[in-house]
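These are the structures, in structure tokens.
Common to both upcoming complexes is chain A, partnered first by chain B, then by chain C.
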Partner chain A sequence: MFSELFLPVLMVIFMLVVGGYAVAVLDRLVASALGVPQAGGIWLAPMARGAWLLTQHANATEAPDWRAWRLAPALYLALAAGGLAVVPWSASLVATDLVTSVVLWGSVEALATVVIFLHGWSANSLLALIGGYRYVALGLSYILISMFVLIGVALPAESLQFTQVVASQEGLWNVIRQPLGLPLFLIVGLGMTFWGPLNLADSTDLAGGTASEISGPPRLVWDMARAAMLVAFSGVAATAFLGGWLGPWLPGPLWISLKMLAVLSVLLLLGRLLPRLAPERCVTLMWVVLLPLSFIDLVWAGIGALL
Partner chain B sequence: MESMNHGLGVDIAFLLLATLAVVTGWRVFRTDSMVRASFFLLVSFIAVGVIMILLAAEYLGVAMFFMMAVEMTVMALFMVMFMMNPAGLNPMNMVHQERIAIGAGVAGFLILGAMALLATFPDQPVPAGLEPVRSLGNEMLGESMLIFESAGLVLLTTMIGVVVLSSHRGRYGAAAEGSMPPGLEPGGDPAGKPEEDEAGEGGHHHHHHHH
Partner chain C sequence: MAVSWLHKFAARGRVPVFPVLGKQGDGVLRHLALSPRIELVDSPRHASVLLVAGEVPADRCEPLRRVHDQLPYPFTTLWFRSEPWPHLERVARIDDLDDLPGALVTAHRELMEGRRGSAHRLLPDEPPNPWEGEGDFGQGGEGMMGGVPYGRPMAMNMEDDIRDGLTLDSLTFRLGPFFFAFPPGMAAEITLQGDLVQTWKTQLAPYPQPLDEVFFDARQRPVPIAEVELARARHHLHQLFHALHLAGLENVSLRTLRLAHGLSTSSTLDGLRRALSRRGFFRLTAGGGVLGPEQARMIGGPAARAAGLDDDLRAEDAGYRRLGFSPVCQTAGDTHARWRQLLDEIDQSLHLARLAERDRVHTERTGSVETPRGPWSARRPADASALFDELLPGLEWGDALATVASLDVAGLADQPVGTRPSGESRAVRGGTGNDV
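After this line comes the complex of A and B, so read on.
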């Protein structure tokens, strides 16, 4: 009973909390390594900000959709939890070893579009609404690219299960077998967590976009949810392309943690280094360049699976 | 999921999900905004999807999540665009043709209820070695390949056609060129059309740019 019901829940909650904190610390480490001055200590500053947000007043707008507005950050956190639940830590240690876990991750990406749109829409405020619409326009292309790339990793595994996808990488990791896959998937990750160059939903040109009107505890949940989604994404990326728990000497859970940290560091570094794209250019880039590249990746994977 | 002896947890989950599906389905018609109605419908579909996973249809259940998520988002946005209800936050009645709808609803409830009570359902436990994803794939790309592929091709053609028709840079020049907004009153001047700069309009300080 314990290992069936409570262990998976505990695992996911642990990852939500520790992962979110790790993202905040890593981002500050990356920033200070790049010479951006950081206020306060790197290890304590995220906690101080969280505690400060908890004590702040939650802002109200004129006639918002209260339920959707308050639920959206929690739902985004719940989606991140759903993503973390399908990441296998070893051949046997998986919170949910669903036979369609790759498709479940695809639905997390699709439902994230709904939640981000609701977050922007329900505030009943102009800039938040524009942020929400922007994400819908872009999110569709992220979902498509992600879908083709993930079908690519499902082909050699002949399965839609992440544990099988890892097992199929015993000889050769997908990052080498399908060289286009991981770069494309990292772009999807920056997009669906609207981080760094692809932060178009909550960007500064919209004074914070969908998050422009929230403060206090809802703000804390929203920030935590974005960090947790980044962690869930890096877990899926490490599983799909970097061989998951596979590796010599160290135990499986340690290997995937290291790989997740590596993916997170790359994403956070990209987030700090690259400038934000203009939304119109971003749509063109997605549909004209990256989507055809994901077709090529899929054809490559298909030929590889046939040979 | 191996045989019929499922736990109590599955029964409780089924009852809760079925209630959620019905209640949110009812809320679709009682709410006053198209965006809310779409997403209530999405919650209803997700509850049905989880019930399908309980019934060992693991691919169809999960497919329901992502298909309905994208579908309902697109539906909500298109309804907002076409119904001239800025952003969908303005209150608006979600029902029309109420008498026919009530009649159809009552008839549908009676027929489905009678079927649930009177029909004899087959009692076929799921075989132990069933692979739901593989068998579904064999069905769709085996016997039903022709139907499946022709439907896919028609949908793809439709999508490309819609993109071409609605593209801003269309085949015959910019989409907005030559179009005229409707008047605020019947037969009136086009709304929001820039005024022509004519001599004799003294005291008019607006300068419109003509290209």
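After this line comes the complex of A and C, so read on.
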């Protein structure tokens, strides 16, 4: 009973909290290294910010869709939790080892589009709505790429189960076997988590976009959910391309944690180094360049699986 | 106990400040941006302190009240070089720029620790327009369509799409005069379809912008060219700082600001230019906003030269000619060309400043001067914000804002930087406003 019900829930909650905190600290470290001033201790700053948001009131806008507005951050956090639940920490330590866990991750990506649009739309406010519109335009583009890339890693495993995908990388990690896969998937990750250059939904030109009208605890939940989604994505990327828990000397959970940290660092660094792409360029890039590349990746993976 | 601990902890973080810019208030932004304890935020919902910087003209007071009421509880306000409204309780006024970061930190800390009460709402909590809804869903029209339920039309497909035939509902709204991405003081009524600008009508022109005193002096008497060119480069770097923040390049924007603060004849632009180029600022970011020849002439200055017009009053000054000056130009006339132009002009200004300092060269022509905003001969460069009305329709939102950031459209103020606008009351250092 404990191992089937409570342990998975505890694992996911632990990852939501620790992962969210790790993202906040790492992002501040990256910012500090790049010359953005940081006050006080980098380790305490995320908690001070969380405390401030807890003391701040949740504001109202003129006639919002209250239920949807309040639910959207929680739903996004739940989606991140769903993603984290299918990341295997070792051959036996998985919150939920579904035989269709790759498909479940695909549904998380698709539902994220719905939840983010809901967040922007339900505020009944202009800049938030534009953020929602933009995300839908972008979401359609990246989901297709993600689908092809993930089918690519499922082919050598002959399974849609992440534990099998890891097991199939025993001899050679997918990052080498399918060289186009990880770079494409990282771009998908920036899009899906609307981070850095692909942050079109909560961007500076929209004064925070879908989050431009929220304050207090809902904003804290939204920020945590965004951080948790980055962690979940890093977990899936490490599982699908970097051999998951595989590695010499160290225990499996430590290996995947290190790999997730590496992916997170790359995403956060890209987020701080690159400017935000213009939406039209972004969609053109996705459809004209990256989607054909994902076809090639899939064909490459298919030929590799046949040989 | 737990609550008290939480509040004390909250007081330790960076202070989220939403700046409302009055006349000559934008210098405050650049000062605070480099302060590690202050976080300038773009939305009033994300702030703990509302900072009113500079004198807010009477026609912007109503929007200021609305912005004031958008800050979530608990919040407080602080007025910088501006007299707080008499009916506000316990509102501090600060006049010394160096005291400002400390005052903001103190205000936030006192607020969090309960030693200072939250500000109160100024307006009644009711819709700005009366409810005029009718029908099953209160939409005010027939069926699911039409109506003006709160005095504003429903988002409806009333205009043809001007881009690709994908017709979305039109959404009309007013933005400004305190929207961070607009020139200070500017407000516009905009209609969007999706994120495509359908119509743009500038309703309030930006405040006239003050320039460095050296440009005023140059009209009266010969001044060292090194001084003029450093002031010009600094002005352009400030414009670039705002644009880079808008583009999401926070670290490079702060680097630009640091360069502007420490600018001297030994400064170089190479590192900044390389960073912008490597990070794709000229290729990846929002662009558009091509100026035609007439429009370029109307704005003048670097924007005109970015569109291929080589007008520059410096070419008529013997002092500049001795330094080998000739105008640099681009041809494309779009947003990216304007950024390239600005970087080229900063480079050129630094080069001229170095030569002029070495040879002690002064300007020789008085009565006119090429300001960073454009030529100032008989008349000061005037406000050109009405140009946005024809330039921005057809652009996506990101492109439109990038275009706004790349164009220096505000007219020139009649007094240099640091001069108090006429009619402003005497400074009361650290004083407080009156009680209700």
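Following the convention adopted for this analysis, the second predicted complex is superposed on the first by the 307 of 307 C-alpha atoms of A that agree within 3 Å, B and C clash if a C-alpha of one lies under 4 Å from a C-alpha of the other, contacts with A are read in each partner's own complex, and residues count from 1 in each chain.
As a convention for this text, contacts are C-beta pairs under 8 Å (C-beta built on N, C-alpha and C of every residue); 3 or more make two chains touch, one makes a residue touch a chain.
Keep in mind that this is a model prediction, so the values were computed, not measured.
Contact with chain C, but none with chain B, is seen for A:Gly208 once the two complexes are overlaid on the shared chain. Of the two partner chains, neither chain B nor chain C is touched by A:Val17.
Between chain B and chain C, more residues of chain A are touched by C. In the superposition on chain A, A:Leu98 makes contact with chain B only, while chain C stays out of contact range.
When the two complexes are overlaid on their common chain A, residue A:Asn124 makes contact with chain B while staying clear of chain C. Once chain A of one complex is fitted onto chain A of the other, the partner contacts of A:Trp52 are limited to chain C, with no touch recorded for chain B.
Contacts of A:Leu274 after superposition: chain C is touched, whereas chain B is not reached. Of the two partner chains, neither chain B nor chain C is touched by A:Val9. Comparing which residues of chain A touch chain B with which touch chain C, the overlap comprises 63, 129, 133.
Looking at the complex, you find that chain B touches chain A at residues 33, 35-36, 39, 42, 58-59, 62-63, 65-67, 69-70, 72-73, 76-77, 87-89, 131-133.
Residues of chain C that touch chain A in their complex: 6-7, 9-10, 12-14, 16, 34-37, 42-43, 45-46, 48, 70, 72-74, 112, 127, 150, 171, 173, 175, 179-181, 192, 194-195, 244-251, 254-255, 279-281, 284-287, 396-399, 401-402. The residues of chain A lying in touch with chain B in their complex are 63, 65, 68, 98-100, 103-104, 106-107, 109-111, 113-114, 117-118, 121, 124, 129, 133, 136, 140, 143, 159-160.
Chain A makes touch with chain C in their complex at residues 31, 34-40, 44-45, 47-49, 51-52, 54-59, 62-63, 126-127, 129-130, 133-134, 196-197, 199-200, 203-208, 212-216, 219, 272-281.
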